[in-house]
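In what comes next, chain A is part of two complexes: it sits with chain B in the first one and with chain C in the second one.
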Partner chain A sequence: MIRLLKCELIKMRRRYVFLSLLAVTAAGLVFSLYGDYSGPGSGFTIKNGWLLFLYQLPLVNGIFFPIAAAVTASRLADAEHKGSAFKQLFAAEKRGRIYDAKLITGLVTMLLSVLIYWVVILVFGIAVGFEGEPPMGLYLRYLACIAAPTAVIYFFQHGLSMLFKNQAASFFAGVIGTFAGVFSMFLPQFPALRNSLPWGLYGAMQFIGLFGWTQETRYEFAYFEMMHTEPAAYAAAAVYAAVFYALGKYMFCRKEI
Partner chain B sequence: MLFKLLKAERMKLRRSPVWTAFILMPIVPAVLGTVNYLGNSEILTSEWYSLWTQHTLFTCYFFLPIMIGIYCSYIMRLEQNNRNWNKTLTMPSPKWMVFTSKLIITAFMILISEIWIGALFIISGRLIGMGGALPLRETAVWCLFGTLGGTVMAAAQLVISMLVKSFALPVGLAFAGGISGLVFLVKDLGHIWPYSLMAYGMNSNSPQQMMESGYVPFIIICIVYIALFTAAGGIILSKKEM
Partner chain C sequence: MKETVKTHSLTKEYGAIECVSRLDMEVHEGRIYGFLGPNGAGKSTTLKMLLGLARPTHGEIEIFGKRLTNRNRLGILRNIGSLIESPSYYGHLTARENLKIYQTILGLPEKNIDKALQIVRLDRQQGKKTSAYSLGMKQRLGLASALLSFPKLLILDEPTNGLDPAGIQEMRELIRSLPEQYGMTVIVSSHLLSEIDQMAEDIGIIANGRMMYQGPLNMLHETDRSKTLEEIFLSLTGKDVSL
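== the complex of A and B ==
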C-alpha cells in the first residue's frame, strides 16, 4: 500500500491537486471571514466572536467543502480516465487496492485542507481580538463536525469519480446534493432532512444556536447557547461512510474498463 | 455555416445526460425555497418578490455558475479527448464560429434552465396560494436577463475551459467566479463584473433593483462582454496549439 500511495503522490505532482484545493479553501475562508470587525456595529461580533463563528460557519462549510471534495476526487480519478490508464494499473495491482490508495490520498488531502481552514479561523479570531480565550473544547468538536461530513462526502464523490469516465456526472450529483444540503440548513423545522442528506450533516452536527434575535431588537438581547444535536446525525454519518465506501469499491471492482 | 456547426454541436451532445442536471437542479431551490418562504413569511413580506429571492439567491451565486462551469468543461472536453480539436479545426469554417456555436448551445441550455426556474416559481407561488396578479412580465424579464448574464459567464468559462485542459479546475474557477460575483454585487459593482451579471440580471438579491436602474446599460455591457470573450476564443483557436 505504501508503494501505491507513493505512486499516487508522484502522479499528483504538477497536477496542482492540493493547490486547487487550497484555492477553494482560501475562497471559503474569504467568504467566512468577510465582515465588520472594527466599525461601530462590531461590538456584538467582537464580544461573541468565538461562538458566532461556531454558529455561522457550518453553513459556509456545507457549501465549500463538498465542492472541494468534488474537485479533488475528480482531479485524482481523471488522471487515470484521461490516459486510459486503469487497464494498465489493473494488470499490475488489485482493483480494490488502487481504489483504496486513491481514496486515502484524496481523503488525507481533504482533511489537511479542513485542518488549515480550522487553524486560520482560530488565528483570525485571536488576531481580530475576539473577547476571551478561544474555547478549544468546542473548537475541537467543531473540527470533528466538519471533518466527518467532509469525509462522508468525499467517499461519495470518490466512488462516482472512479466509476464514471464522464466527470460531469459526479460533479452534477455533488452540486445538486450540496444545494439540497444548504437548503436543509435553512429548514430547522425538518431535522430529518438534514440528518438524511450527507450534505446536510454540517447543519445536523451544528451544536451552537442563536437565541433571542428578533427583527425589532436584532442583536440587543441575542445570545448563543449549546444546542442538542440528534445522535442520529452521527449514526447517519457512520452508515453513509460505510455504505459509500463498500458500494463504491464493489462497483469499481466489477466495472468493465 | 453557423447552423451546420450548431447541428454538429447538437449531435455531439446527443444521448449525453448532462442536460438532465439543468432540469433537476432548479427543483431543489423551488421546493426548499418555497418551504423556507412559508416558514419565514412574517419577515419576507414582499410576496412574489420575496418568493423569487428564496428561489434564486443561492442558485445565482453558487450553483448555476458551477453548472455552467461543468457544462462548458464538458463541451470543451469533447474536443480535447482523442485529439478531436484536430478534426474540428480543419473544418472549412472561421474559428470564431466554432467558438460561437459552442456558446449558443450553452446559452440555449441556460435559457431552458431559466424558463424552468420561472415556471417552478409561478407554480409554487400558485400552489401556496399567493395572492395578487401573476408577475409574468417580471418573471420573463428576470429569466431573459438571467440568460443574457449567464451567457457572459458561459463565454468566459468556455475560454477558460479551452485554455485549461482539465475538467475540474474550470469548474472550481466558476465557483470562485460566482463568489466574486457576490462580492461585486455587495460593492454595488454587479453591473460590470462578468460573474455577477447573471445574478444582477435575475434580480435575485433585490427584485426591484434593475427595474430602477434601467435595462439598456445591462444589455450593452452583456453584449460587449460576449463579443470580447468570443473574439478572445476565436483568436486563441486560431493562434494556439490546441
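== the complex of A and C ==
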C-alpha cells in the first residue's frame, strides 16, 4: 500500500489538487466569516461569537465541503480516466488496492482542508476578539461533526468518480445532493429527512441551537444552548460510509475495460 | 515446443452478442505470434481476457502453464507486459514520471526506466510532459511501460497505430528483436496483413470471434500457392482488409 500511496503522490504533481481544494475552502471561509465584527451592532456577535459560529457554520459547511469533495474526487480520478491508465494499473496491482490508495489520498487531502478550515475559524475568532477562551471541547466535537459527513460524502464521490469516465456524472450527483442536504437543514421539524441524506448530516449533527430569537426582539433575549442530537445521525453516517465504500469498491473491482 | 499461452474454448459474450467464440489459441515460447483479424473481429477482447481486463463468459486461459484465476492473476501478470488499444499515460507527468509509477508499483530497479526509455528512443524527451507528445511518442511510451519489467510475455495490441512509416519500421524491428535479445514471447495484434507478415512467425487469424487459422505463417503461405496471402486471408475471413 505504501508503494501505491507513493505513486498517488507522484500522480498529484502538477495537478494542483490541493490548490483547487484550498480555493473552495477559502471561498467557504469567506462565506463563513463574512460579518460585522466591529460595528455598533456587533456586541452580540463578539459576546457569543464562539457559540454563534457553532450554530451558523454547519449550514455553510453543508454547501462547501460537499462541493470540495466532488472537486477533489473528480480531479484525482480524472487523471486515470483521461490517459486510460486503469488498464495498465489493473495489470500491475489488485483493483481493490488501487481503489483504496486513491481513496486514502483523497480522504487525507479532504480532511486536511477541513482541519485548515477549523484552525482558521479558531484563529479568526481570537483575532476579532470573541469573548472568553474558545470552548475547545465543543470545537473538537464540531471538528468531528464536519469531518464525519465530509468523509461520508467523499466515499460517495470517490466511488462515482472512479466508476464513470465522465466526471460530470459524479459532479452533478454531488451538486444535487448538496442542494437536497441544504434544503433538509431548513426543515428542522423533519429530522429524519436530514438523516436520510448524507449531505444533510452536517445539519443532523449540529449540536448548538439558538433560542429566544424573535423578529421583534431579535437578539435581545437570544441565547445559545446545547441541542439534543439524534444518535441516528451518527449511525446513519457509519452506515453510509460502509455502504458507499463497499459498493463503490465492489463495482470498481468488477469493472471491465 | 512449450506453450506460453493456451486458451480453451474461450468465449466472451456482451448480452446476446458473442464477441469471441470458443477460441483455442496457442502461443509458443520465444515466438512472435501475429494475431490478425479485421476490425471488430474480437482481437482486443481476447487480449483483454488474457490480461484479466475482461472476464471470459466461458472457457479457460493458461499462461506459463498455469490456469489463470482471480487468485493467481496478479502473479502471472507480473511477467507480462502489455499495450492494449491506446497507450496508458498521465498527460500531466513526464515520460520518466509515468514510468516511475509502474516501476514503484512493481518494485523494479530504477535502471529499468533508463533502459526502457533507451529502447523506445524516448530518453532524450523523457523530461517533457506527455500531454505534449505526439501519438507516436505516446505509443512508444506505452511500449516502454510494457517493457519496463522485461517480461517473459509481451502483449501488443495494434502497436503501430498512429506511427509514421519510419516509426512503423522502427517498431517492427524492435518487436522482431525482442525474442532474441530478451527471450520474450510476443503476441502482436493487427488488422494489417502486411504488418503481421513482416513481424510474426506464427499467426492466428480471427474473424467474427472465431479462430479461422492458427499455425506457422510459412505454412499459411504454402496452403495454396496459387493464391496470394491476401487472397488466403480474404477467403478465411470473408472480409476486406487493409494491406
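Simple rule for what comes next: the second predicted complex is superposed on the first by the 257 of 257 C-alpha atoms of A that agree within 3 Å, B and C clash if a C-alpha of one lies under 4 Å from a C-alpha of the other, contacts with A are read in each partner's own complex, and residues count from 1 in each chain.
To be clear about the criterion, a residue touches a chain if its C-beta (ideal position, glycine included) is under 8 Å from a C-beta of that chain, and two chains touch if they have at least 3 such contacts.
Since this is a predicted model, take the numbers as computed values, not measurements.
Asker: Of the partners chain B and chain C, which touch A:Ile176 in the superposed model: first, second, both, neither?
Answerer: First partner only, chain B.
Asker: Just checking: does A:Phe186 make contact with chain B only, chain C only, both, or neither of them? Give me first, second, both or neither.
Answerer: Only chain B is touched by A:Phe186; chain C is not.
Asker: Please indicate which partner A:Gly96 is in contact with in the superposed arrangement: first for chain B, second for chain C, both, or neither.
Answerer: After superposition on chain A, A:Gly96 lies in contact with neither partner.
Asker: Check the contacts made with chain A and report whether chain B or chain C touches more of its residues.
Answerer: Here the partner covering more residues of chain A is B.
Asker: Looking at the overlay, what does A:Ala168 touch: chain B (first), chain C (second), both, or neither?
Answerer: first
Asker: Now for A:Gln88: first (chain B), second (chain C), both, or neither, which partner does it touch?
Answerer: A:Gln88 contacts chain C only, not chain B.
Asker: Looking at the overlay, what does A:Gly132 touch: chain B (first), chain C (second), both, or neither?
Answerer: In the superposed model, A:Gly132 contacts neither chain B nor chain C.
Asker: Just which bits of chain A does chain B share with chain C as contact spots?
Answerer: Chain A residues touching both partners: 82.
Asker: Taking the complex as given, what residues does chain A use to touch chain C?
Answerer: These residues of chain A touch chain C: 3-4, 6-7, 10-11, 13-15, 79, 82-94, 256-257.
Asker: Would you tell me which residues of chain C are touching chain A in their complex?
Answerer: 48, 51-55, 74, 77-78, 80, 82, 84-93, 97, 100-102, 104-107, 129-130, 145
Asker: Over in the complex, which chain B residues touch chain A? Could you list them?
Answerer: Within the complex, chain B touches chain A at residues 16-18, 20-21, 24-25, 28-29, 32-33, 35-36, 39, 43, 58-59, 62-63, 66-67, 70-71, 73-74, 77, 81, 166-169, 171-172, 175-176, 179, 183.
Asker: For chain A, which residues are in contact with chain B within the complex?
Answerer: The touching residues are 16, 20, 23-24, 27, 30-31, 34, 63, 67, 70-71, 74-75, 78, 82, 166-169, 171-172, 175-176, 178-180, 182-184, 186-187, 189-190, 215.
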